[in-house]
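Single-structure report; data block below.
Letters A, B, C and D name the chains as they come in the text, with residue numbers starting at 1 for each one.
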Amino acid sequence: MELVKLKIDNRTVEVEKGTTIYHAAQKLNIEIPTLCYMNLKDLNIEHKPGGCRICVVEVEGRRNLAPSCATECMEGMEVKTHSLRVLNARRTVLELIISDHPFDCLVCAKSGHCDLQDMAVKLGVRDLPFQGEKSTYKPDFSPAIIRDVDKCIMCRRCETMCNDFQTVGVLSGIHRGFEAVVAPAFERDLDHSECTYCGQCVAVCPTAALTEVDHTKNVIAALSDPRKTVVVQTAPAVRAALGEEFGMEPGTLVTGKMVSALRQLGFDFVFDTDFAADLTIMEEGTEMLDRISRHLNGDKDVKLPILTSCCPGWVNFFEYYYPDMLDIPSTARSPQQMFGAIAKTYFAEKQKIDRKDMVVVSIMPCVAKKYECTREEFAEDNNPDVDFSISTRELAKFIKQANIDFDSLPDEDFDKPMGESTGAAVIFGTTGGVIEAATRTAYELHTGKALPKVDFDALRGFEGIRSASVDFNGTEIKIGIAHGLGNARKLLDDVKAGKADFHAIEIMACPGGCIGGGGQPLHHGDSSVLKARAKAIYEEDKGKTLRKSHENPDIIKLYEEYLGKPGSEKAHKLLHTHYFDKKAKQVLLD
Amino acid sequence: MAKYKMHMLVCGGTGCRASASDMLYENLKKEVQDNNLEDDVQVVTTGCFGFCEKGPIVKVIPDNTFYVSVEPDDAKDIVAEHAIKGRSVKRLLYTDPAKKEQIPDSKHMGFYKKQIRIALRNCGLIDPENIEEYLAADGYEALGKVLAEMKPEEAIQEVIDSGLRGRGGGGFPTGIKWQIASKVDGAQKYVVCNADEGDPGAFMDRSILEGDPHSVLESMAINGYCIGATKGLIYIRAEYPLAIKRLKIAIKQAREFGLLGKDILGSGFDFDVEIRYGAGAFVCGEETALIHSMEGDRGEPTFKPPFPAQSGYLGMPTNVNNVESYANIPVIFNKGAKWFASIGTEKSKGTKVFALAGKINNVGLIEVPMGITLREVIYEIGGGIKDGKKFKAVQTGGPSGGCLTEKHLDTPIDFDNLIAAGSMMGSGGMIVMDEDDCMVSVAKFYLDFTVEESCGKCSPCRVGNKRLYEQLELITQGKAKKEDLDKLRNLSNVIRDTSLCGLGQTSPNPVLSTMDNFHEEYLAHVTDKQCPSGVCKDLIRYEVIAENCVGCTACARNCPVNCISGERKQVHEIDQALCIKCGACLEKCKFNAIAVI
Amino acid sequence: MTSIKLKLKDSEVQKLKEICKSFNNEHGELINVLHGAQEYFGYLPAEVQEVVAEEMNIPVAKVYGVVTFYSFFTMLPRGRFPISICTGTACYVRGADKVLDEFKRILKVPVGETTSDGKFSITCLRCVGACGLAPVVMVGDKTYGRVTTDGVKDILKEYENED
Amino acid sequence: MTKIKSLADLKKMKSDLQSKIALREKSDTPEGRTLIKVAMATCGIASGSKQVMDFLVEELDKRNVDAIVTQTGCMGYCYAEPTIEVTVPGKDPVVFGYVDTKKADDIIEKYIKNGELLEGIIPVNYETIEKNK
């Protein structure tokens, strides 16, 4: 390995050849500011368009300033990261960016979490020397994501996520010069595009150009309505990230505090989506076993592989891009929707509440869930199974608004009966978790034997596409895993081309699975945050006494009292769904 | 019927006419008549000889005698001596300032060397749609020679030795560029000809492609051989339909003659060329943007390194050169690097083609050796300023360049001197401006262009140039303060310092160079709220000069907003509240009765 | 962007597919394909871009990104007699802006738009390379040189009885 | 068309062509015919050089003038487009500017037939590289 030695701010540093000035400076704990650079190392995404020009530095002997994110270190280089020339240029460039940005910080959805705002503070912007025309665009309100394009600073991170990582390709740079901006084709609303609402664009947006639809107000309204029974469910990935919004280290588990906060907020029942995740395993696992055994018994009609269907971004994706393969995914609804369906039937009956008087709120790490709960098939007489879905970030804001000191909250437990869950449900929150949970159950149901080791290490990790085989009593079950829709596309194309023969595939739309969801606290491009969250999830699983979904006593009870057995007619009506060819639907819309 | 034995050509260019060449013409005619020579000698006026400094000029053919500074009274001598006695009038001959000897024959005169056509050698000489004419003009001989007799590194060395620098604007040594590309390994290398000429006011590339397309194809093949590329791409503006048509014909013919395709001239070397179209984006003149455009994407530049030579078209090593650079290559091989290097200045060899335009008499495409002065270009080739107005500035380098002024008139033009003077060579637009041009407005014009053509990728160019334009607009509207000039300068410097590509890095040049050279004019706009050139609408008004107005009503009839009133034969009046300052009245008035104040 | 609803005929879709195919549906040929499509349709409405995107397997947002990047491409139909005014530097210093203003004034449409009867549209272009004739105006393929503000009326008059 | 196979072939072809095709500033065209080149670049065509060329081809034929009319690229005199260059056997080439069909008619009648110059010819103001040999 070739090394080069250089001086940054008069301090010597030695780095591998090819290292950028930006990274060399980091070695010296010099954090050069930037607005567009993004490095998700573990996901192989390095976005360095060199567009914002905030990270410029002075390099001795160079005519102009160098963008540190893209300039490689050279032997003997002398770099200044805070000379007068650099500071003046950096602040002027920022003033320029701000001059084409609305000045509505006080009422902005991103206020306090905005990279641009932070940068203005950091660089000491104190006046607005450039007044002039501002570019204005039509705002776009979709069921899940709001695009306020006036706030776009052309960092192009969303474009990278949407195109390179997700291969959805809904967002592209359009127009040029002062009018240049990122938008869907023909500047139509996302609603009229192939957007999967994965929310990865929202997750990386430095400003409020892309934000999630805020349902907190609706939730507050429901909570203050005495006629309503408000039930809340919290997804597994939320507890591993919520703490970050209150200054805790990434990977801090806050399950107990979260439950207690939700109670203080006034929810009548604080339940766990994990309960529904166990239920999902029962249904999906049964379907998987059924399809696999039929296949092994020589049934030619059975379609394999079976694909997981709990990720709404992923469901949208295959509805748009693989309409010819709609019969492959499991018909099992996602845990959010299973929860809603059971809450407004089984639980409502138990409580003797009319479903119209019950409001089901979900706390999700996800943006697509907001869309999912509005799907027509998940409603009964126009009354949705899940009324509102709010993100981890929205919950954090809500807690702060309610003057709750999160840190000092006691740990509390979920309510019964829909608060009980196993370790298998918890790991739904990270890539590989759903299929591991399904395998745990399927193995025991299939073989009739107890698992010798509950942890399937082969299914874990951060590789975009992974595969493993599990020995089911002499039968080799081949499993594929992908996270990120780009990886999903690769895997699916291989399946389509007959190049891959998996029995089952788990797909999550977001990097790392739900822990990296579009509704999670912003990781600002730091993938170590995602890793810490995953670790926390596996820890929670390990700490649970029950770690297989079919061992969940309340699930067993639910089947005994209400559903019969997995795959029953009632289970089908409440817990399964069907898919649509959205490409065809979209053409009709146009 | 007359069969003339002699013609006397009298320069009728503006410059010569100003020094009474028309009277000279009349006198010559009269002398010819008086001596009964009408059937033998014809006297005619001609266009400008481009030697206005020594005008009026008379040229006598067939012997090509060239008389300079001829006065009307000299007509008698010329006819008596030259036409009758057949000997030249010695005192009117041109004296070579260096050698101090008189030169009778125009073909040996220094000023003819002002223009040497190398890149344009075949333009206007051969039929561009006929490969045989190109072949007869040494066409493809350089390629033949290189393929048969030279190793790639020898051929590259020849280009290095010639000192040829990129004619697209940057001035990077062409040979060195080839050398770098030749040393990078790649499964498939590419040679790209940048024919996306976008400078407003430059059209030399178009002229070369229209007049001599084969020279570009030949050079690309040589380039391919040198760097180990078998594929060539020409990225050409879709706005050049004729050039595209001729290129297509040329490619077809070259293939038919075996000068493109497999095993060219029995050398075993394969090379072929395809055309890719631009679609109207100035920034695509930048190499990386051009490559992205050829790949079917938005033409947004990317940071260099990696340079195209390392990772270019489809990620492969790619060499990009501009049309005019290529047009020079065959000559370098045919006549030798040494010959080529003998032309020009120490660091800028050869010639440069300029599109001479603006307020100049002989608008046209000229090719001059590097090192020529602006004065020579404007007054000896360009025939001086139009309508006898005063020279104010020359803009070179298009939107990336700057203005050169009177003090630069005697600076030798080459890459480095132009940069030192705050402008640049650019692709070769040379726009002459006179006293009627407001330099703030000129800077604004270029910024308007940059704002429109910025790709929008980096913030300083996307937003900065817009703000720069707006600042300039405030100045032309009289709404700016003196302090704003400092802001303008700081903003210009920052844009230059921080932009991603050449477009943004040079876009403030028109502002900075006009601020440096015409500071007073900026001051007049911001402090006195006046536009000295009478251009900025918000700072001027049109008024009727009562003593000159005869009441012809021409102004009133032509005013588009009917704001001029007055009875026939009465002094007219302009209603300032309604006037849109279009200047129609000024244009129409034959009595100098409208003034700009 | 104003959306003009337009249903492509089967023959038109077929033609578009042929254009794409003639460039092997290669991503790198997108600009050439768009040139071909614009030549055929006169402009590039959303529906055309959608077919191109589908055929070439490029996200339609990307196609739109490319179309809006290059000034040669237009999503609005041009007039039957498209008027292009050269605003290159040489034309500018010789009064192209005044000529442009005159066209705008007489036709009562801004740059980039078409008169309500669909007859004329005004665009600006950068240097046609006829600087010797500055200022230059093109109507369709016909070039007019040394145009004055007075000449504008005369140019338009030529098309008075044409359709 | 047979392909050119080597440098030697190329050189032979060149000398064949040079003797066959009238080119450059030669004082004489090989067959004693007048050579007319019309500058047909964009600027020339925009100013009407196409019409002039058509006119010349047609009229020279009609009037039985033995001349060859070819197109060529830009001569550089943009201010005087359309421009044509006329080489009458035995004389230096002359460039005419602002040529319209009327002027083209004059050129045939006065200059080509009669050796009479017209007002406003364009003095050639550049050197071709051959002179540097």
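Note that contacts are C-beta pairs under 8 Å (C-beta built on N, C-alpha and C of every residue); 3 or more make two chains touch, one makes a residue touch a chain.
Here the structure is a predicted model, which means the values were calculated and not measured.
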item	value
Winner on C-beta contact pairs when B-C is weighed against C-D	B-C
Most widely separated chain from chain A, with each centre as the mean of CA atoms	D
Chain closest to the assembly centre - both centres taken as Cα means	C
Averaged-CA centre spacing for the pair chain C and chain B, given as whole angstrom	27
Separation of mean Cα positions, chain D and chain C [Å, integer]	36
Length of the line joining the C-alpha centres of chain B and chain D, rounded to whole Å	24
Rounded Å distance between chain A and chain D, as computed from the means of their C-alpha atoms	73
For chain B, residues that touch 2 or more chains besides their own	203, 206-207, 240, 281, 298, 357, 363-364, 452, 455
Sequence positions of chain D contacting 2 or more other chains	41-43, 45, 77-80
Where chain A touches two or more other chains, by residue	173, 175-176
Set of all touching chain pairs, with the criterion as stated earlier	A-B, A-C, B-C, B-D, C-D
Complex contacts: residues of chain C adjacent to chain A	1, 3, 46, 49-50, 53, 58-65, 68-69
Residues of chain B that touch chain D when the two form their complex	1-4, 7, 9, 11-12, 42, 44-50, 59, 61-62, 64, 112-118, 120-130, 132-133, 135-141, 144-145, 147-149, 203, 206-208, 210-212, 240, 242-243, 256-259, 265-266, 331, 335, 339, 357, 361-367, 381
Sites on chain B touched by chain C in the complex	198-203, 206-207, 238-240, 276-282, 293-299, 314, 355, 357-359, 363-364, 395, 398, 429, 431, 433, 437, 442, 445-446, 449, 452, 455, 560, 582-584, 587
Residues of chain B touching chain A in the complex	281, 298, 300, 302-303, 305, 451-460, 462-467, 470, 487, 490-491, 494, 496-500, 505
In the complex with chain B, residue positions of chain C that touch it	26-32, 34-35, 58, 62, 65-66, 69-73, 87-90, 92-94, 98, 101, 105, 125-132, 134, 149
